[in-house]
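I've put the structures underneath this note.
In the two complexes that follow, subunit A is the common piece, with subunit B as its partner first and subunit C second.
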Partner chain A sequence: MKFLTTNFLKCSVKACDTSNDNFPLQYDGSKCQLVQDESIEFNPEFLLNIIERVDWNAVLSVASDLGNTALPPSKPVFPATADQLSEEDMTILRDLHTLLIQTSISEGEMKCRNCGHVYYIKNSIPNLLLPPHLA
Partner chain B sequence: MLATPYIKCDYDKVYEPAEDSFLLLDSLEKEQQFLNERFHSHLSVVCELGPGSGIITTFMLQHGIPSKNKSIYFALDINPWALEATHATAKLNACQDKFLDTVQSDLTSSLRNKEIDVLVFNPPYVPADNVPMVPSFKDDIDEWVDLALLGGADGMVVTNKVLKNLDIILSPNGVAYILFCARNKPEEVVKGMKEKHGWKAELVEHRKAGWEVLSVYKFYR
Partner chain C sequence: MQVTKNGRKKYLVFMVQVHTNFRRAELESLADLYGINSIDFSKYDDSTPFFYVELENDQQAKDWIKRSILTRAIYEYWGDADTYEELHESIQSQDFFQKNKELYHNDTFKFEFDTYRGNNKSNRIKQIEKFSYLDFKGKINLKNPQQVFTVIEEYKPISENIPGKDPIHLIFGRLIQTGDRLSMDRYDLKKRPYKGTTSFEAELSLVSANIAQVKPGTIMYDPFAGTGSFLTAGGHYGALVIGSDIDGRMIRGKGASANINTNFKFYGESSKFLDVLTMDFTHNSLRSNLVIDTILCDPPYGIRESIKVLGARDPERFAGKENIEIDGKKAFLHRDYIPTKKPYALDSLLDDILQYASERLPINGRLAFWMPTANDENIETIIPLHANLELKYNCVQEFNKWSRRLLVYINRGPTFDGPTNSGAKRSTTVFRDRYFNHFN
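Our next item is the complex of A and B:
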């Protein structure tokens, strides 16, 4: 599961929807195995669109769970179109490509910060199904 | 006409692509321009519920629906075999260079609310006494495929869960494509969605398949 996907996953428990703590999930850095997958090529325009859309606080939270505390505290701002990007912008975008798209969690676990329910990632596929008594 | 993905799956474990899958492919092809115009200026989040073999998600990956280099794709299935099959089908069709993740999930319960721009759903629409229980083990192979077929009363129990929550599933600009069979009474369902809940709803494609009539409707604001 790619890092960017953590920006879209919340706890499946319906009652947690009324809490602000059901997203992002809290990833257990000591149990998450990270792999780099280079099959998606760097495309600055794609990255600009992704960054416009992401919840930056959630990016920071998951990155910090996984041991990366080097990100800027607020979402980086870029020119509107790819042809106006400076060298420095490109460097930042490449780093974000590496983090958001190339970094995958192949095995791991995460929990809801509201209800504490633990979910697992196996073979890069997260399992967000609930046991029958919670579904 | 857009090419159909190559598929090579174990159909004891996942739903085999059939007329319903192909009707959805034709519907998405027909809607390509509408979707591109609606979404080309921003990132779009695409979600297929119940991808089975992965044929529909792979078709969208292959042809850049809704927009090339501006879409990310999530395929959510309750059946763990379908998630593996979806990755395998994407790979077989050389789509590893596109953004796809699969999630084992009961419908959209695991995704943040109001984030999906394009939702595609070929539901379990066959009328049956009950919606089957979720199997306890991944190796209960034949039980997983039943979940892809049987939709309880009027074949609408699962589809209704999605329609009822469409407001919190879709982004404000979002569009859902949902397949129905005639026994689901789609005209009545659509009338309710329009009149009671204020959705726009249109028939995209319909086709006679054997003794069954299938239709794809789109819902949006």
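Our next item is the complex of A and C:
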């Protein structure tokens, strides 16, 4: 599961939707195995569009769960189109590509901060199914 | 001058004569996607592969057709007639003829012949020589010419098995843009590393993505991803795609070498693939404020695969089971715990999909999904409707004993206030029963 996906996943328990603690999930750093896939090509224009959708606080939260506390406190700001990107913008975008797209969790677990339910990631696929009493 | 009174040029769209129920929807959707809103569709006709249009310029023609799966190509119109002699007269009598001749006078070029419902073995070199009045001075270049001039020959078969001998109509034009039919071959399931019994054929999955207006740099979601056929189609058109399926085996694939991710690597599009999640669509984990630009899917029909959602079929039997512990830890918190599932009605699932789309799609975002329908006359097919969603297309694909349809909705928001019909008001018979009991 790519790092970017952690930015989209909340707890599946419907009762948790009324809480602010169902997103992002809390990743167990000691149990999460990270892998890097450098073969995924860098496409700045594509990434610019996607970064618009990203909740930066959730990026910080999950990065810190996984042991990375070096990210800037607020979302980097980029020009509107790819042809206006400066060298420095490109460097930051490349770093974001590495983090959001190339880094994934191959095995691990995460927990809802509200209900405490634990979800697992196996073979890079998160399992968000629920037992009947939570469904 | 090669322009009509209103400054527009005449073009010929040469389509394929298959999936005609989808052709117009595809052409309209692509025109809309590229902001080309001045095409006159009143002359569009399902029974012919030829569609004459006026456009502002070649760029519009290119944008419009480059993604089309059901179009062979679009041409700048130069002339047409029923015989070759008349064709040459037609070409030379157009008021834009002199202008055209000059414009491409020195370009490298080649001639091509294309046919519809027939095949001519006549001497093409001789036929090309008859075009000498075009007086092109550029070099002939078969590999990479600046201009391709095409003669399209239309035949009329004498009977089903006997093709007509001579063409009944001829059209001459300059090639502007071919459609995206090569992708059908590229995404052919036969060549795909990971596929399964539920995989959707390449041609109509790409057409579906076009009608759904999947756009580069946006997010597309397939809630019932299975082997990922629609994810593949969405990735081809540049969206970041995410899928889910309640059945982990489907999305996991056949190990590290054949799964949805390796398919994307195989196509060189791995940056377009986000993830597939093991998830029940009706217990959805995608955060509710995430904008999903397009939803494209093939929901379970209850035919080949049953419709299941999380929960106990018989809740009493499961009462208290959440307290069971294994090795000092709640059983349901174990890594290998497999939750129980219960059957669910297709109509309820369809209502859920429409509701979800109305909440997650941006205004004007599209939901497209396939739905099976019996073509048994005494059973009326009721299309699910939602107050916020405009039902834009309902394209039927007929098979021998059944049919399926692509339903396409546009999110118009709460002010749309369209007609509704929730599941309870629709068909009471489950399709599965009909499928197995009613036919043959």
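The rule is simple: the second predicted complex is superposed on the first by the 134 of 135 C-alpha atoms of A that agree within 3 Å, B and C clash if a C-alpha of one lies under 4 Å from a C-alpha of the other, contacts with A are read in each partner's own complex, and residues count from 1 in each chain.
Keep this in mind: contacts are C-beta pairs under 8 Å (C-beta built on N, C-alpha and C of every residue); 3 or more make two chains touch, one makes a residue touch a chain.
On a predicted model such as this, the values are computed, not experimentally measured, just so you know.
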Once chain A of both complexes is superposed, is A:V118 in touch with subunit B (first), subunit C (second), both, or neither?
second
Specify the partner with more touching residues on subunit A, choosing between subunit B and subunit C.
C
Touch check for A:C32: first (subunit B), second (subunit C), both, or neither?
neither
With the two complexes superposed on chain A, say which partner A:H133 touches: subunit B (first), subunit C (second), both, or neither.
second
Considering only touches as defined above, state whether A:L93 meets subunit B (first), subunit C (second), both or neither.
neither
Please work out whether A:L85 is in contact with subunit B alone, subunit C alone, both, or neither, and reply first, second, both or neither.
neither
Once the two structures are fitted together, what part of subunit A is touched by subunit B and by subunit C alike?
1-2, 4-5, 8-12, 14, 17, 23, 39-41, 43, 45-46, 49-50, 53, 101, 123, 125-130, 132, 135
Which of the residues in subunit A come into contact with subunit B in the complex?
1-2, 4-5, 8-12, 14, 17, 23, 39-41, 43, 45-46, 49-50, 52-53, 101, 123, 125-130, 132, 135
Which part of subunit A faces subunit C closely enough to touch in the complex?
1-2, 4-5, 8-14, 17, 23, 37, 39-43, 45-46, 48-50, 53, 55, 101, 109, 117-118, 120, 122-135
Across the complex, what residues on subunit C touch subunit A?
216-219, 238, 240, 242, 244, 246, 248, 251-252, 261, 265, 270-272, 274-280, 283-288, 290-291, 309-312, 315, 318, 321-322, 332-333, 335, 337, 339-340
Sites on subunit B touched by subunit A in the complex:
42-43, 45, 69-70, 72, 74, 78, 80, 83-84, 96-99, 101-106, 109-113, 115, 134
